[in-house]
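We call the chains A, B, C and D, going by the order they appear; numbering starts again at 1 in every chain.
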Amino acid sequence: MSDAKDHCGLIGVYGCEDAAERVYYGLYSLQHRGEESAGIASTNGKDIICHKGMGLVSEAIKPDMLKSLKNPVAIGHVRYSTIGSNNIGNAQPLLVDYYKGKVAVAHNGQLTNAKRLREEFEANGSIFHTTSDTEVIVHLMAKPLHMMQKSLSPVLSQLHGSFSLLFLTPDEMVGVRDPHGFKPLALGKLNHGYVMASETCALDQVGAEYIRDINPGEAVYVSKNGIQSEYYCPQRQIKPAFCIFELIYFSRPDSKIYGESVHLFRKRLGAKLAEESPVDADVVISVPEGGNSAAIGYSHASGIPIDRGFIRNHYVGRTFILPEQERRHRVVELKLNPLRETVEGKRVIVIDDSIVRGTTSKSRIGLLRRAGAKEIHLKISCPPHRYPCYYGIDFQHKGELIAAHHTIEEIRKFLNVESLSYLSIDAMMSCTTQSQERFCNACFTSRYPTPIEENTKKLVEREVVREISKVN
Amino acid sequence: MSDAKDHCGLIGVYGCEDAAERVYYGLYSLQHRGEESAGIASTNGKDIICHKGMGLVSEAIKPDMLKSLKNPVAIGHVRYSTIGSNNIGNAQPLLVDYYKGKVAVAHNGQLTNAKRLREEFEANGSIFHTTSDTEVIVHLMAKPLHMMQKSLSPVLSQLHGSFSLLFLTPDEMVGVRDPHGFKPLALGKLNHGYVMASETCALDQVGAEYIRDINPGEAVYVSKNGIQSEYYCPQRQIKPAFCIFELIYFSRPDSKIYGESVHLFRKRLGAKLAEESPVDADVVISVPEGGNSAAIGYSHASGIPIDRGFIRNHYVGRTFILPEQERRHRVVELKLNPLRETVEGKRVIVIDDSIVRGTTSKSRIGLLRRAGAKEIHLKISCPPHRYPCYYGIDFQHKGELIAAHHTIEEIRKFLNVESLSYLSIDAMMSCTTQSQERFCNACFTSRYPTPIEENTKKLVEREVVREISKVN
Amino acid sequence: MSDAKDHCGLIGVYGCEDAAERVYYGLYSLQHRGEESAGIASTNGKDIICHKGMGLVSEAIKPDMLKSLKNPVAIGHVRYSTIGSNNIGNAQPLLVDYYKGKVAVAHNGQLTNAKRLREEFEANGSIFHTTSDTEVIVHLMAKPLHMMQKSLSPVLSQLHGSFSLLFLTPDEMVGVRDPHGFKPLALGKLNHGYVMASETCALDQVGAEYIRDINPGEAVYVSKNGIQSEYYCPQRQIKPAFCIFELIYFSRPDSKIYGESVHLFRKRLGAKLAEESPVDADVVISVPEGGNSAAIGYSHASGIPIDRGFIRNHYVGRTFILPEQERRHRVVELKLNPLRETVEGKRVIVIDDSIVRGTTSKSRIGLLRRAGAKEIHLKISCPPHRYPCYYGIDFQHKGELIAAHHTIEEIRKFLNVESLSYLSIDAMMSCTTQSQERFCNACFTSRYPTPIEENTKKLVEREVVREISKVN
Amino acid sequence: MSDAKDHCGLIGVYGCEDAAERVYYGLYSLQHRGEESAGIASTNGKDIICHKGMGLVSEAIKPDMLKSLKNPVAIGHVRYSTIGSNNIGNAQPLLVDYYKGKVAVAHNGQLTNAKRLREEFEANGSIFHTTSDTEVIVHLMAKPLHMMQKSLSPVLSQLHGSFSLLFLTPDEMVGVRDPHGFKPLALGKLNHGYVMASETCALDQVGAEYIRDINPGEAVYVSKNGIQSEYYCPQRQIKPAFCIFELIYFSRPDSKIYGESVHLFRKRLGAKLAEESPVDADVVISVPEGGNSAAIGYSHASGIPIDRGFIRNHYVGRTFILPEQERRHRVVELKLNPLRETVEGKRVIVIDDSIVRGTTSKSRIGLLRRAGAKEIHLKISCPPHRYPCYYGIDFQHKGELIAAHHTIEEIRKFLNVESLSYLSIDAMMSCTTQSQERFCNACFTSRYPTPIEENTKKLVEREVVREISKVN
């Protein structure tokens, strides 16, 4: 039930006659990572051309353009823009002209020093055409000093925060992950070429085989000379801090993220929930789509049978806009209809992936109640969200994180359920198959893996406050 | 996996200030019944206005138009058009002017004597503006003899075949089912008004409470004088023959059809499958969306755990068009991605709702095999389709019904599965909670409940032959 | 300055491989006769297809469709719809299916007995899909009695009022003028084929040579058997009554209408003005476009030099919509800018083709005054409009005909000009090169050439009254 | 008949509540100066917002956006883009972010040192987002040295070539003309505010009163402190060289350009033609629109009566595209239809404003001949074009300037006219009311008022050669 949104999805294909078309289909697989704009840049080894537009992939890019395009290298991007900046100028890939020629960049993440870098550039006479923090990267690349280098190291080593990046020049495609590896980026093999993508479901889509992830602090260069790896920062700066929320919420269940199967991870979350907060009930249901995998885990672990509790209307999409507040409730109902036959007169366990503001959850619980549920036990497959994310997840724009200001008992009363359980932090962390140290869970714990510049902190907090005051 | 398509969905709202807007949201709930065009006609008691267009509800009708519309009565229609006639002229409701004033008609079904009636009218000087068989109904209404009547009986008694109808005049809304009740039509109460809709999920959507179905051979008139029921044909002609395929395939699981819960019916189909063709296996998966309910039934009955075997890409919709044959395979993959973690090295039971041509099924089975499934046992929650439908389901246009020309063993080999089971006719029929005599299952048994005129038969068969020759 | 609008323009091409494309360009030449919708119907000898849409030809019809269309016969239509009926359903050609097959009809004019005929048809069970009076024509054609005839005579002889018609069937193209010949229709030769069009400028456009007009009461059939003429009514009913306003206002100056050169006719109007109301002045200017030809005639006759007084902005078209009343003045200025150099300090004679309501004229006179004109002598190249037209010109919808309710001196004061002159009726009629008896000038004289049915009269008058009350 | 195109039109409004809306209507008046894109930037004193799009003003900008916009300052731009660069990225005003904040720039003209400046910036690490030479201006503004200045002098003094500019910052609007004043820019007063525009017809449109031109080498700053003038370069560098072609061809007849009435200037051209190359004839006609004013001058001077020789179809606009070569001829006919009544059997003098390639002229002369003209005497109201323009007129892209390679007698034969006369350079220059030294007539004389950098020269010449080789 979370409305948290990731900032982007990336895919690049190198060495394949219909690279642009494959990127196009790959973006379909990554569409859940960004619905506001989509773009594809491709090169024939000489020039780079870029198609981009607002909206879903199907709206933003005409497949006709791509079919005739025989460029063997292409990168693509889908974007979720934060409030106030959803304009075509900020759509990516960002294509610019500088002394060395053209370069296109696609970025997933958030730079924590973008504001400061930008001010320095502007003070030296640079001009910015977008409000995106990605533009500082190309300004760094254009610095005369940096231009003399073959490597991107001097540029990348100046970036702070989270960034998975794809670069496209007429000669090569480069994939980069920040030294913490906040955001995922996978590498695959496709015939004689290579593919890099935010999630492995996009590799499946384009027919590529998963090899490994790009590592934290690594830049992988693909060119006619083959594939080359470079670590652009000292080893001591490389400290994995993979975003755990990718596994809990953002990624598709059929993806491997950080080498973990998302579906299996979520099933384990569900099983842990059954272990930590067992309850006697008749049936387990999930709130589609987010709770589906955890509900199966819960059912298997508890022995309580799973059934369908909501039917989702697949025709209610992003474009369904009902701006007036009074109609919000109707839209919630339009998307999910409860199955009376499943819940009537039953003690029902409901599995969901998160509660942000609480209003959507309240509305759906109400539907179940009206459909006759006797008892409702709501179980959330992660701990309460209490802290802002400075690495690219806009919890902050979603206003009041209900768990930041209320006890669980207060939330239970607000939602009007018989019981409400969150997963504990320890239980959640135990569901990974690798060292727990390699993850960032700051939104639950406030243990931020990097220092946050004071003005970034303020920027984010001010927005939270503003949002909260809007709500109240 | 069926590509069979129903012909329409209907909804009407009487006595509600925002009737047109409710019909609009109701059509969203019925969208799965027809994606080619959508329309809404509404009246203020004096004039009738009609908005319609091609495509999904969200494309065909602008909600802006409706918001300002304070007409208290409206009917709506979504349509799936057969090949060659998908033009705006055939979109419904059909609004015409005749001696008594304006009338709008919305039709779900197929008249088996439309061609003959049309020829008679044309020979007498009538002019047709559409190629839809619905237009003969308004010509019948315009006959001077019929116009003198208060009742629709003289008109309705001349129609053969399947028809659930909604009529809208400035004075009243009328809902009708044919004497066999081939197609569903439910009646609900909404505050001081009434709602009629093809499925009860649309009643849920608009906030109405289900009362009962319109009965076979019944016309229900709603006006300022309240609600009145009329049986427009002699009792002996009323012989229920409800389309069983509505329960198996067309309707939404959260609907009640003919008073049956679709979800429970399908769970029983799954349980019967487990009983009729048990197999030792590790996991039960479904082919979304169609197999979901039956798979739960199968799992519960067999004790074999259910898990997610495919992840559906919700962004791949109707508008996704890849005209070139060579790319068909890629689209199948784009919609469903297999979950390797669920099936790898496992003996997998796959539950699906139907096999029509077999090619789509074959492609998806291939995906599972490549994802590492050790054994695949495909189970279909209905018997093989072998006969054409003359009442509105265009199996015929879908070409070769694979089961009409091949043995089950041949199909099993074609699909390359370890075992293939269909449900028996008896088992299927035993899943209803009412007398089996009340259903039409002619597409499985060839027991057609009405005589079929020779030229209709030929028309349909010619199309089947044509389609088959295209395929081979 | 008149806002009176004709009802349509017609063109048909027979026997030319790119008939539809020629019709398309021909409609461009006739665009001034109707800007609300455009359509083309064409046949390959078997089927008829029809493309039509709202707006200008360039908006309504995609030339791509036509380029690939190798049908050798096509008819086209542009339409100006009266208020309240500007919908796509009323766009023409009207294409229908009846017992004999398909027929497309295009109509210029107004039937004075359409309402009565329609009521008779409806009483007999016919259904109407449009609100256009043209639809009664196809209902007449579909009458079993009429269908047995080869000729259109039985149909045409029942129509009253004004009608120039083009019919298209798979076999032939037919051009018709009513017995009074109210509306023009010219016949031309194009290589081995024939062209019929409302104005000869369209013949020029498609490369055809003008032969003669279709005569009043004549139907000309073009088929593979060549061209055949038929007079469909008794000779005594044929009484030419050509609309004089076609020559004064509607038609393009480069057309021949009723065999008269429009440009020369208007130059004679201007010369007569110089003769009837001479005035001492420094310069003659026209209000473009309408006054251009008459101004040349005035200048030549009077010896007073002509100059450009207004510059027209060619980018201000039909689509320029400023709905708010307060902005009307600004739009007038946007279309025509006065040339200060021509009028400053001068005694200026201004030639215009008409004054309807007076407000537009007043605004433009104001522009000249502010540009420094010392004296303004406004001369109108026709007499004052005082009576409604029942044959297809919607003066009536334009509300208050200022001359119907005010003396010329009152109008002069309202417009604030030094002098105002209209042409006399006798002078106007003397400008034709044929017998004055052959023209209808009822809008100036109230001498209607046909009886007007009482309910038509009332209909029109009610609208005038309604419009007037809106204005006041 | 010229296809030469200017590069832009500018308008700015300061101090008027509906500034953006006035700019919008003002752009309608300047539309003839650029049909490829249009844009408006406006400020409320804090932020600047910019609307722009491809196509005509009516297509590019939605008036709805502007109506609600209460910003008191706005600038607008229409653009004619040269081949290969007609993309939205190059549409103006160009809005950028730099150290001092936001600035929007609109440019009419062509910088002759843009390529060199751009290379210098890129070598120093700057990034360009457009291919327009206007972007170097904002890079100059962003130079730290320049930013410390209040004045634009340091920036403007580095620009070579032709430039009329409008700048918009949250605080002020600035209008600039280059030291030669190649392109016009007029200053007007509107209530308590100011307007600057390329032509005075736009001042008329927005209701402003013409005060004077911005002078060559002058920058005029308008802010809440009022209006301030600054000469940004030494007096000795200011050498007026007004483009004479603005008077002959580009500007609207109802504009004052460089203080000259365009209409009167053209009438004098016509009168000089009558003096230099008299011929005995029956009638004078013009090729609309360009020849209209000169034809009046010719008629008045010669005493030979003027009449209408062509009727222009106002519905044939920019959007009329017939890509296939074979159809070019048809489009020419579609735009202008000859008036047989005027020319048949007559000796006709035809006045046109230019001949570029000769093909269009030849086609139109052919129309007159077929309409029966006995003799055709073509008179061009300027001398032959023989040299490229480096200041913003793309004769070069229009390929073979026929007069650059052929004698007048050769052209006469090619056009098939009885006589062909151009105006002499001396006669043309004598038509101005000010010193002839103040004009640039290099396209006729090759006397370029500035040195042209060698690489600019080559660039232009290469294009000419390329175009010529395409033609042959």
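Heads up, the rule we're going with is that a contact is a pair of C-beta atoms (placed from the backbone, for glycine too) under 8 Å apart; a residue touches a chain by one contact, two chains touch by 3 or more.
Each chain and its UniProt protein: A, B, C, D = Amidophosphoribosyltransferase.
Treat the numbers as computed from the prediction; the structure is a model and nothing was measured.
Student: If every step must land on a chain the current one touches, say how few steps get you from subunit B to subunit D.
Tutor: Step count on the best path from subunit B to subunit D: 2.
Student: Please pick, from C-D, A-D or B-C, the pair whose interface repeats that of A-B, with more than half of the contact pairs identical by residue number.
Tutor: Equivalent contacts to A-B are found in C-D.
Student: Please report how many Å separate the Cα centroid of subunit C from that of subunit D, as a whole number.
Tutor: Their C-alpha centroids are separated by 38 Å.
Student: Could you state the distance in Å from the CA-based centre of subunit A to that of subunit C?
Tutor: Inter-chain centre distance comes to 63 Å.
Student: Can you check how far apart subunit B and subunit C are, centre to centre, with Cα atoms defining each centre and the answer in Å?
Tutor: So the centre of subunit B lies 51 Å away from the centre of subunit C.
Student: Taking all chains into account, which pairs touch?
Tutor: Pairwise, the chains that meet the contact rule are A-B, A-D, B-C, C-D.
Student: Show me the residue ranges of subunit C that touch subunit B in the complex, using the header's touch definition.
Tutor: 96-99, 122-129, 131, 138-139, 142-144, 147
Student: Within the complex, which stretch of subunit A touches subunit B?
Tutor: Touch residues, subunit A against subunit B: 25, 28-29, 31-32, 56-58, 63, 201, 204-205, 252-254, 261, 263-264, 289, 292-293, 296, 300, 305-308, 311, 313-317, 319-320, 322, 330, 333-334, 337-342.
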